[in-house]
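These notes open a run of structures that come right after.
Next, two complexes with subunit A in common: one pairs it with subunit B, the other with subunit C.
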Partner chain A sequence: MNKGVAITGMGIISAIGNTVEENYFSLVNNKAAITSIENIPTVHKAVIKVGEIKKTNQQLADELQLAADNNFSRTALLGTIAAKQAVQNAGISSINEYRTGLISATSVGGMDMTETHYYDYFENENLVKYISCHEGGDVAHKIADELDLQGMVTTISTACSSAANAIMLGARLIKTGKLDRVIVGGTDALAKFTINGFKTLMILSDGYNMPFDNDRKGLNLGEAAAYLVLESDAIVEKENKKVLARVSGYGNANDAFHQTASSENGEGAFLAMEKAFQVANLKSEQIDYINVHGTATPNNDLSEGRAIMRIFGENKTPDFSSTKPFTGHTLAAAAAIEAVYSVLAIQNNVVFPNLNFKTPMEEFNLVPQTTLKHKNIEHVLSNSFGFGGNCSTLIFSKSI
Partner chain B sequence: MTAKKTYIQSFCSIQNNEIILNGETVFNTEPTVFSDFSKKAYQNFEMNYPKFFKMDSLSKLAFLGAEILLRKEIDATKENNIALLFANKSSSLDTDVKFQNSISDKENYYPSPAVFVYTLPNICLGEISIRHQLKSENSFFIFEAFNPVFMVNYANVLLNTKKAEKVLCGWVEYYNEEYKAFLYLVGTEGNTEHQKETVEKLYNK
Partner chain C sequence: MRKTYINGVGCISAQKTVDTVFLEEAELNESDTILPLKIPVYKDFISPVAIRRMAKGVKNGIVASALAMKEAKVTTVDAIITGTGMGCIEDSEKFLKTILENKEEFLTPTSFIQSTHNTVGAQIALGLQCKAYNLTYVNGSVSFESALLDAKMKMEEEEASTVLIGGIDEIADYTTSLFKLAGFIKKENQSPYRVLNSTTKGAVHGEGAIFFALENEKKENTYAEVLDIEILNKLKVEVLEDKIKTFLNANSLQISDIDAVILGYNGDVEYDTYYNTLSENAFVNTPQVYYKHLCGEFNTASAFGLWVGAKIIKTQQIPEILKVNTLENTEYKTILLYNQYKGIDHSFTLISRC
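Right, the complex of A and B next:
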């Protein structure tokens, strides 16, 4: 096994908690947070359920003590909160002491502000400040400014695999010695853009999402942000840092099938997992838990299930679960919050339950872990697949 | 890392109602709009891929160029590790403007998912990947003008680090009926050395 890159801090805000501790408490106590929409005025309010953070933009801005004339999108607000937690958790006091970067993932960026003010920009001068917060890159730069980070800042937007690719890029930059320290993760706020977009694609559930269930009807969207701090072994050694876990493997691949659907046999997912095993120098039987992508759309779970069976072999699949019934599908942030959950699984030796599961899928014999399970966890594999055929896999390992 | 020599194996340009492959005209029409020209080219080369007609103009342009260069290159029985390295100046602006027009009037608002899906430039790489079942590396860059230095370096890194066996490089610019595509295939064997000056010369031909 390859040693992997040290994770020395993490931060998260999601529908199931405003801190790492709160998220863990919800996960082990079956406290899901799929609810009606409160913060967005939408005609779908009564029908569509989401994983929403029950704080207004004003409350989030107050927490961050932002100036009244700030132009933070909700995505940037959530991202800044999670990134600050991660930096604090890693015990970093002087952020530019080492070559430190920020790689942040997002898919909606400042779309929430754009859709709110779009028709008023020409009339109302006070709103014009929000135009520059629209593009995805603005989020990462705002976070970097709030952290006083002067090093490399970049944004990755590869749909629902974005944060996995951010973590992967960060790990590679540490491994190749381009950076000493990097904050990696993703953030996405709920917006009409995604609610209506996914509704148009007819992949939203009218109830609660049921990953890997034969009667699954689609996903619930969610909003969240999470970041990990990755540090070189030189820093870990020098500062005698506590290593929470390690990023030991990663891989991404192109499904080459369809703009918004996954292939029947999960080719891209298969290739991503295969590459991650090569990087980690691990065998499939060494994985103790798979945090599946498991969006609960008919297409994803079938495609991902087939890819898992191809990689692990029939009846050899380790315990697996999707945590999306807790949080909703948080798009570009999904792989980041699930990275935090993977580290928590390793730290606490638990497999989180796949809620809402009743009936196995007729296509194969894959049954997720439906209750909290305690067992030793050395290696967790986490999948994230996005539109555009973007398939990514991360492997997290206990630090030895 | 030992930097091996790389070679331009074939090249193709599409502009002014004409397709030129390795310096020779292989197809042309009387002056016409791009939709008509691209349809005639598609028919002429018997591409037999109905999804072509759903694509926006940028994707059609990139697709045609890739089709001309890759049709003899792809072995469907094996994995073809051909990376895609593309760039242009106007991104997907042609389609972005069309999409924007469909939502600019609050009273007459109809965003079409079929148009929306093409409001990113790298969608054309997806179309080529799907057509040729390429699970390889791909990237789309936006530059003020054709940037041979960047393209040569990037392609060489892909080949020298064995991320790809070949690299299909392309400049695919389309905005408002103005178009130019210049695509070329780079590999580790061949006769024409892959150098900035050569790429520049072929682009300007």
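Right, the complex of A and C next:
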């Protein structure tokens, strides 16, 4: 096995908690947070449920002690909160002491502000400050500024696999010696834009999402942010840092099948997992837990399930679960929050339950872990797939 | 360590950059605040049905990438990496307007699907049936440089021998009106909009799709080698020169080794000071090149800058229209590109003749 890149800090804010500890508490106590939407005025309020962070933008801005005239989008607010936690958790006091970068991920960027003020910009000059916060990069810049970080800052947007690619790039930047420390992760706020987009694609559930269930009806959207601190072994040794876990494998492939649907045999997912095993130098039987993408759309779970069976072999699939029944599908942040959950699984030797599962799918014999399970966890594989055929897999390993 | 060579280019821009040698038919437009790109002949590359359905950025990306691959004589790639500031923003506008105007009813998914930033990279992969590494960067003016850096890393890691990279951004009406309101685009009635020695704020905006076929092997048609790229979120103008020297030193080079410097001047009096300080000090004895007066400012305009750099090295000449000063060199071996936008997203790119 390859040693992988050290994770020395993590931070998260999601519908199931405002800290890493709160998220863990919810995961082991079956406290899902799929509810009716409160912060966004949408005509779909009565028919959809979401994983929403029950804090207003003002509350989030107050927590960050931002100036009253700030122009933070909700995506930037959530991202800054999570990134600050991660940096604090890693015990970093002087952020530019080493060559430090920030690789962020987002799909909506500041769309929440754009859609709120779109036609008002010309009427109210106080709103003009929000025009520049639309683009994805604005979020990363705001996070970097709040962290006082000066260095390489960039943003990845590959739809729902974005944060997995940010983590992968961060690990590669350290492995190739280009940077010593990289803060990696993703953030996405709920927006009318995405709610309506997914609605037109008819992949939103009208109830609670049921990953890998035969009667699954689609996904619940969610919002969240999570960031990890990756550091070189030189820093870890020099500063005698506690390593939470390691990023040991990663793979990225394209399904090249359809803009918004996965291929029937999950070719992209298969290739991404295969690549991750190569990078980690691990065999499939060494995986103790798969945190599946498991969005609970008919298409994803079938395609992902087939890819998993191809990689792991019939009846050889390790314990797996989707944590999206807890949080909803948080799009570009999904792989980041699930990276935090993967590390928590390793640290606490648990498999989190796949809630809402009742009936196995008729196409194959794959049954997720539905209750909390305690067992030794050395390696976790986490999948994330996005529109545009973007498939990414990460492998996290216990630090030895 | 595997090297990275530019072996093919495809450039769709406001200038005639397809089927020309190097800007010999360039036209300077100093009277408009927007420079739309010259639409290529889509039907030579895309089926008529798809032409009607596809977003502008997707079509231009497909054509530019096909041109780059054709020139490099490659038919498959090991990675497709794109950069875009705003993605297919026309479709984002369309979907958002329908949401707002129809009160979230009667929506169709097409424009939502195309508004996803990774659409261009995804559609190229779909067209090529390329299942390899595929990534999209969206970080303002380093979106393209992020793609270039990633591609170079892929080579160094020996994970790829052929990589397709590109920068794509498109103009869209409503976003343009917002950018005018916010002062990002120059005010009307201030023409001529000269990029050098400008006294007004904002920039003339443009659009484009500029792709490069990169390979780890030098070939007959090689333009240049990509030596190094550095990305920095922010930088004070006072330390810019030091940062550049450090960057050059890391590549065993000094200012005097640079045969031409390509600067991202966009005519914004507030931020062109970054370029002025280099132009008037460190690089005062170096031939200086600018290009955004030809392609306009957009998040991935620096990809046009790299295209200019690659062409200078290949043709060993700098067209008059690109010159900031009158200096010339007998050989253009090593070229440095520097770009920033509004004081953030700084990038240094180093290329050389091989």
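Keep this in mind: the second predicted complex is superposed on the first by the 400 of 400 C-alpha atoms of A that agree within 3 Å, B and C clash if a C-alpha of one lies under 4 Å from a C-alpha of the other, contacts with A are read in each partner's own complex, and residues count from 1 in each chain.
As a convention for this text, contacts are C-beta pairs under 8 Å (C-beta built on N, C-alpha and C of every residue); 3 or more make two chains touch, one makes a residue touch a chain.
All of these numbers come straight from a predicted model, not from anything done at the bench.
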| item | value |
| --- | --- |
| Combined model on subunit A where subunit B meets subunit C, clash or fit | clash |
| Contact breadth on subunit A, by residue count: subunit C or subunit B | C |
| Touched partner set for A:Lys54, first subunit B, second subunit C, both or neither | neither |
| Contacts of A:Leu271 with subunit B and subunit C, given as first, second, both or neither | both |
| Touched partner set for A:Thr200, first subunit B, second subunit C, both or neither | both |
| Which superposed partner A:Arg172 touches (first subunit B, second subunit C, both, neither) | second |
| Which of subunit B and subunit C A:Tyr119 touches, first, second, both or neither | both |
| First (subunit B), second (subunit C), both or neither touched by A:Lys283 | neither |
| First, second, both or neither for A:Asn254, with subunit B first and subunit C second | both |
| First (subunit B), second (subunit C), both or neither touched by A:Ala159 | second |
| Subunit B clash site on subunit C (candidates 7-15, 241-249, 277-285 or 331-339) | 7-15 |
| Residues of subunit A that lie at the interface with subunit B and also at the interface with subunit C | 119, 200-201, 253-260, 267-268, 271, 388-389 |
| Complex contact set, residues of subunit C against subunit A | 80, 85-87, 92, 95-97, 99-100, 103-105, 107-109, 112-113, 115-119, 121-123, 125-126, 128-140, 142-143, 146, 150, 153, 156-157, 178-179, 181-182, 184, 230-235, 299, 344-345 |
| Sites on subunit A touched by subunit B in the complex | 119, 200-201, 253-260, 267-268, 271, 388-389 |
| Touching residues (chain side subunit B, partner subunit A) in the complex | 106, 113, 117, 122-123, 126, 129-130, 133-136, 138 |
| Complex contact set, residues of subunit A against subunit C | 42-44, 102, 106-107, 109, 111, 114-115, 118-119, 121-122, 128, 131-132, 134-138, 140-141, 144, 149-159, 165, 169, 172-173, 175-176, 178, 192-193, 196-197, 199-201, 252-260, 267-268, 271, 386-390 |
